[in-house]
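For reference, the structure is listed below as structure tokens.
So that you can tell them apart, the chains are marked A, B, C, D and E in the order they are listed, and the count of residues begins at 1 in each.
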């Protein structure tokens, strides 16, 4: 098989699976699951062949639409960046598929679920392969759609329905900018092909900023982060795959794709957005009681890290002088962001699947204060989850997260002290809330019936955990990948000296230590009791955005809509139209009333007519 | 002489015409109409239209007005019921009069009536005129004469339809 | 010698030129004879005879449409002018007459009235209208017009059982006589002015249209002539029901027997337009600057008034009368456009034809549904018609749709042709008024269709509708309705030879 | 003869107008009808005058037709009025308004 | 291009008409229904056949061209039938939606089904005629032919407020039709000296050689713009649409909102833009501002709706705003986008109206606040509705996306500000679209619904409902996945016969 065929196979397998499920297997959930998992396994195998086969940048492009001089094509740009992303998506995707076999075993709408997963894989891979912005946008939207479907899986729950709706609409807001950016880019440069654009393009900050809007939506950056925590209404595997490992990372991936278009001012905006998101989400995570929400906020936070990392790539010198050095510098941002994306994909997927395992084990109990003592009930989950926690808090050399976080902190330290400080503080918070979670879930004694009857899931659930745990451990060592991703790995900034390492260690210990001090495995939130003021502030911080948005939706948008509707119904349809027709009707009544039935009145008309005509002939008019 | 006659007849005619309009009593109105027609017939004579004058008196004053009178009697109206004077009537009448006056004044001012012809002296004897009249009627205007025949026929039929008692048809209320 | 004139007249083929009119007149007489001759039980044959003879005449006319008799185009010393337009109008009036006779059979069956006179009158009036439409001389015009008018006085008040019919007759009589007086005074003025040999082109035969035209052309600003012209126009405006001489229409239409209403609405109006066209385009052509603006203002006012007044009307006879007023307005646009655009004449004839088909379809339905009280025909009586009499409802819908000017019906084509002509002639303001009128008219036409078609729940139709609705539809009547509906549809998109004749103008 | 055509025309117009006002003002249908006849006669007066002054006979012949028509009209009109009176017991204009609106 | 023994276009017009006439003449119900299937299927099949056999590089010519005389040749009117790249998509659309609406109508088992079908068939014939007509007169003529049955169908088989709705709709549409008729007549009259014609091909040639003066063009274009605009519910002349669609029976709403409404846009594209380029340029700004009214104002109004069909009506009005914006661009890209959008919107809105009726039959209400949780009872219905909603909010993979995307791209060139406003509309449509989906299908069932469900347990879509829905959805997907199938003929026709359209400034790359 040529690489092109492989790529197409990778792309079309999940689509075929989705189509088959939608058309034929709607009622056969088990079969649908098998088909979907098989498709995913197949695509993973082919994808890995493709990735490790070493073929890169093979030409593949087909025109999809042409109107006037506008042409939209579908093509494949397969460089190391894409290969890396493909590998991540394939591996994590496969893990989640397999995990879902167990997790969703008893679900009544398995076919829909697995169909959705397949559509998602198709869409996500489309983004990965895309060689132009329009194509990215197309799959971008599809990804959003599949996310909507999957969040909405438990559609009989109002909260799930609301969350799905919210996710899609918020993403649409981001896509508003994204699409405008693409269109602007098209008219500015005459093309949206990534390769061509990389070669030459018109510098403009508006284009990258508009495109970044897309990433803000998809990667849930401030101020569009609100949908992601709510998206946890979806089944946990979905959260793992879509809302942690891959889809939300698509924003980062897209940014890396359009990296050549960046300008310093755009990068600065991006950097601060990422930093703010990282910090904000970390603060929010502290007060969460729901295991998935904690993870969701941590995802947000880590995404903020990645965005910040990308923005940090900016080095103020970029574009100020020509030459290779600045190019290297910005690419550092790409390297750091992608590196963190990779490790995060592994460990966050691991943790989400772990939480899934916990939730499954606890009979769909998600409140961490009602768990506890799962260390002994679910040892494998405990072990793998612990690895995940270690990874995210950046335990040096033990887990993958360390390396990527290290790279980002290093970059920040080099570029911007303020950002560095904030990110470091975020890291403190991260280890604080992750350890809190870990303590509450796994240590102590079970605090509820569900927790005390917890049990490990089947092989299909544990196997992915193990695989991801392994990856979370070794994933940080870039050497293990061979040289297939060198195009990306070579961009990772490497800290020289131990300063960053020390900082990393310090923040990790500080956070974790505080958590150990504050929290005991108990049925109440220790922080809330010890520092209610702080806790309240954090809760308020978390809810502030929702408040604002809810206020907007309920009080502004809805009222504005009602007002316009009122104007339409009363003003336009009522006053103008009905009034106008009423006026005509009155005229009609008047004209009708002229026929009074009295002969004399009619003779007057004749008199009038004769007189008028006489006057007319006499030249009065 | 004929001038004086003209003004006499004209006054007579107009006066009796006003009588038709102004008279409360329908019988009197009919009588006035007859007088008016006689006046017009006199004017016809002044205009040398002797045949028409005769016809007018015979057909109109004789037959038509008689018919009117007959009907008035038949219907036996209780005089004119006094109706309140209508403002509308007055306004419209005044307006119409004013319009007409304006029209006549403009007519005068334009001096266009000055272009009216002076009388052509036919000079032919009455008999010759009558002959020409008859010739016209039965050559040029033969078709209208035929049509008039039909008109009279349908008028007669109409009166029958509207008035005649048809056996068995009349008694529906 | 005196007999010579008659001799000559008999020998000339001038009488042949008016064969259709003569035959109609003779048939009318024949009907009276038949009434005497036939036993009472066979009187039902009389309308059949009338219709059959008229069909024969129509067939003969159609076959000889472009006959050689048209060659000396004026006959009877210039009283009558023969033309293909005249031929068309003869056919048109014949068609009206046939249909009125047919409707008469339906309508008279519900009344205890003498029958034969009705057909006689219709035939005579039709003959007179034919002559009227071809008149080239004011004497003939007046006489024919009065024959028509007097005939209509009788027809309108024909249902003498009904005070409403008589009241309508009286109103029509007074208004008609008034308008005749105006018309006559106008004719007199024109005759007098144009007969003035002291003026250029003054003529002895000044009531002849051609002479009059020559005179007017030579005297472009004669005041008395102007007054005469507007007075004549006023008289004609009464016939066609143009504002402000339209006011009598609803009352008279409502009171008149329905077939007579149809006759008035279609034939009388068409005759008026034939006269108006001849006068405006031929006799008064040199006074275009006087006539056209007056007609234009009247047309606009007519369209608006007709449509507005019909808007809230509930009595269908009044409604269709007022809608007819608005149609007069559209037709007047055609007359005005004819000054600059020859197509307008063809458009006028097409419009009239479409109007005939549609109106008679509607009147046919109305006649069938009318109760004994002919004047009482309300929109409410049409409730659930579509459910109970789908055939009649369909015919009604086609007729109304055509009147409203909806494709694929003939009325639409008529309006398009008129609009095209008006557009070519550049009468943009009138077009604006016209489309406003069309939009307004949709309301009441569709209101009527709505009344007939839309379900009104279970409430039964008012009892007044009773008598007609239940009666069976006679076979010939049904054939006629189908033909009218089919004609309306066919003429709408496949006018064929008729379309070509119209467009050849 | 020094009376001019103008005099006749004014007279005729006057008669016509009086007739018109009669139609306008009188309530009795019969009288209205008489006034209509008056208007017709006014026209004939003008016609005869024109005919005389123009020296053509056509006008005079036309008068013949007008008179005939008027007679026919009167006959029919009176028949209608009589028939109406039989049904309604009135011929007053303002009471004859069953047809309206 | 293979050949048919018959003129395919005439066949597509005549078959439904013939069936309608047969039904009118009193065919028994059983046979009527069978024949009606034929009447609805033939146009669809002919449409697909034409699509499959459409010549690749047609340029300014018409395919499947034929001409018939109707006796109006003197007026420059002949029944000329043919398809170009703009007409083809619409023709196919009309066929497919007509088929779906017909099949849905047959299964609806409406009262007096025969008459209902007859009217629908007449409408179908009119629709096929509109898009197959090369002659402007017949183009208008067929539109009205299709319009009239709508009135009766709304009035007789309609829902709430049907009388008022039918009347208002008819008056509005007549007003629009009259204005556009005047405009068309104006074009006809101005089309050169003696050789005035309604034939579009000849008109194009005549006016290319001897264009109408700029000032006149502006006037005529104004007439056409507002005339056609009213027909397409241009803001603020749109209020008939939600009302009418809210009251219309499903099949009538499908055909009207889906196909017939596009008549105005189609007319602007085929007639007004190529013949009156200067007028079009002059009016572009005005048009664009009014279209923003459609997109933003009506978009927000759609958010405020509580009645599902009203909401769909408003959403349909809103999407027409995009189409107008595409026209305002006055470029091949923009206009091509409009055609794509028309097809896509026609399919999706027809599908939505179909499903809305199916929903109503199950919930016995259209009030969004009283619904909920229907997805549990009718998952397939839910799936279709979700798909249709996402189609209408422009999800890639479904046809609407292409229309919207191309219009946005073209619009940026016209004015970035308008482009931004238009794209903002995408968010609005997502808001009300998803809101309605959620309100109908998701969440727990409301009490009212449970009560209804207790007496009439709502089932899922039946097969006879599914077939028309599937046809429409399949078409949406087909175009969504293979837009070239429509854009190729479009490209060929637009670039060849619309030479006066500005070429986009830049040659596009990838």
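FYI, a residue touches a chain if its C-beta (ideal position, glycine included) is under 8 Å from a C-beta of that chain, and two chains touch if they have at least 3 such contacts.
As the structure is a prediction and not an experimental result, all values here were calculated from the model.
Considering every other chain in turn, the ones in contact with both subunit C and subunit D prove to be A, B. Chain centres defined as mean CA positions place E nearest to the mean of all protein CA atoms. Of all chains, the one whose mean C-alpha position sits at the greatest distance from that of subunit B is A. Across the assembly, the mean Cα position most removed from that of subunit D is the one of A.
Note on chain placement: the centre of subunit A and the centre of subunit B lie 100 Å apart, centres being C-alpha means. Between subunit A and subunit D, the centres computed from C-alpha atoms are 95 Å apart. Note: centroid distance subunit C to subunit E, computed from Cα atoms, is 42 Å.
For the pair subunit B and subunit E, the distance between C-alpha centroids works out to 69 Å.
Annotation for subunit E: residues touching 2 or more other chains are 171. Across the assembly, subunit C contributes residues 139, 143, 146, 150, 153-154, 157, 160, 170-171, 174, 178, 196-197, 223, 227, 250-251, 318 that each touch 2 or more other chains.
Shared interface positions of subunit B, i.e. residues touching 2 or more other chains, are given as 89, 92, 96, 100, 103, 107, 113, 116-118, 120, 140-141, 144, 148, 151, 155, 158, 162. Taken together, the subunit D residues at the contact with subunit A in this complex read 20, 23-24, 27, 29, 32, 93-94, 96-101.
The touching residues of subunit E, when paired with subunit C in their complex, are 24, 70-75, 79, 115, 137-138, 140-145, 148, 151-152, 155-156, 162-163, 166-167, 170-171, 174-175, 178-179, 181-182, 185-186, 188-189. Across the interface of their complex, subunit E is touched by residues 22, 26, 61, 63-73, 75, 109, 112, 131-132, 134, 137-139, 141-142, 145, 148-149, 152, 155-158, 160-162, 164-165, 168-169, 172-173, 175-176, 179-180, 183-184, 186-187, 190-193, 196, 557-558, 560-562, 564-565, 568, 572-573, 577, 581 of subunit A.
The touching residues of subunit C, counted against subunit D in their complex, run 138-139, 142-143, 146, 150, 153-154, 157, 160, 162-164, 166-171, 173-174, 177-178, 180-181, 184-185, 188-189, 191-192, 195-197, 202, 204-207, 250-252, 254-255, 318, 375.
Considering their complex, residues 584-585, 587-592, 594-595, 597, 599, 601-603, 605-606, 608-610, 612-614, 616-618 of subunit A touch subunit C.
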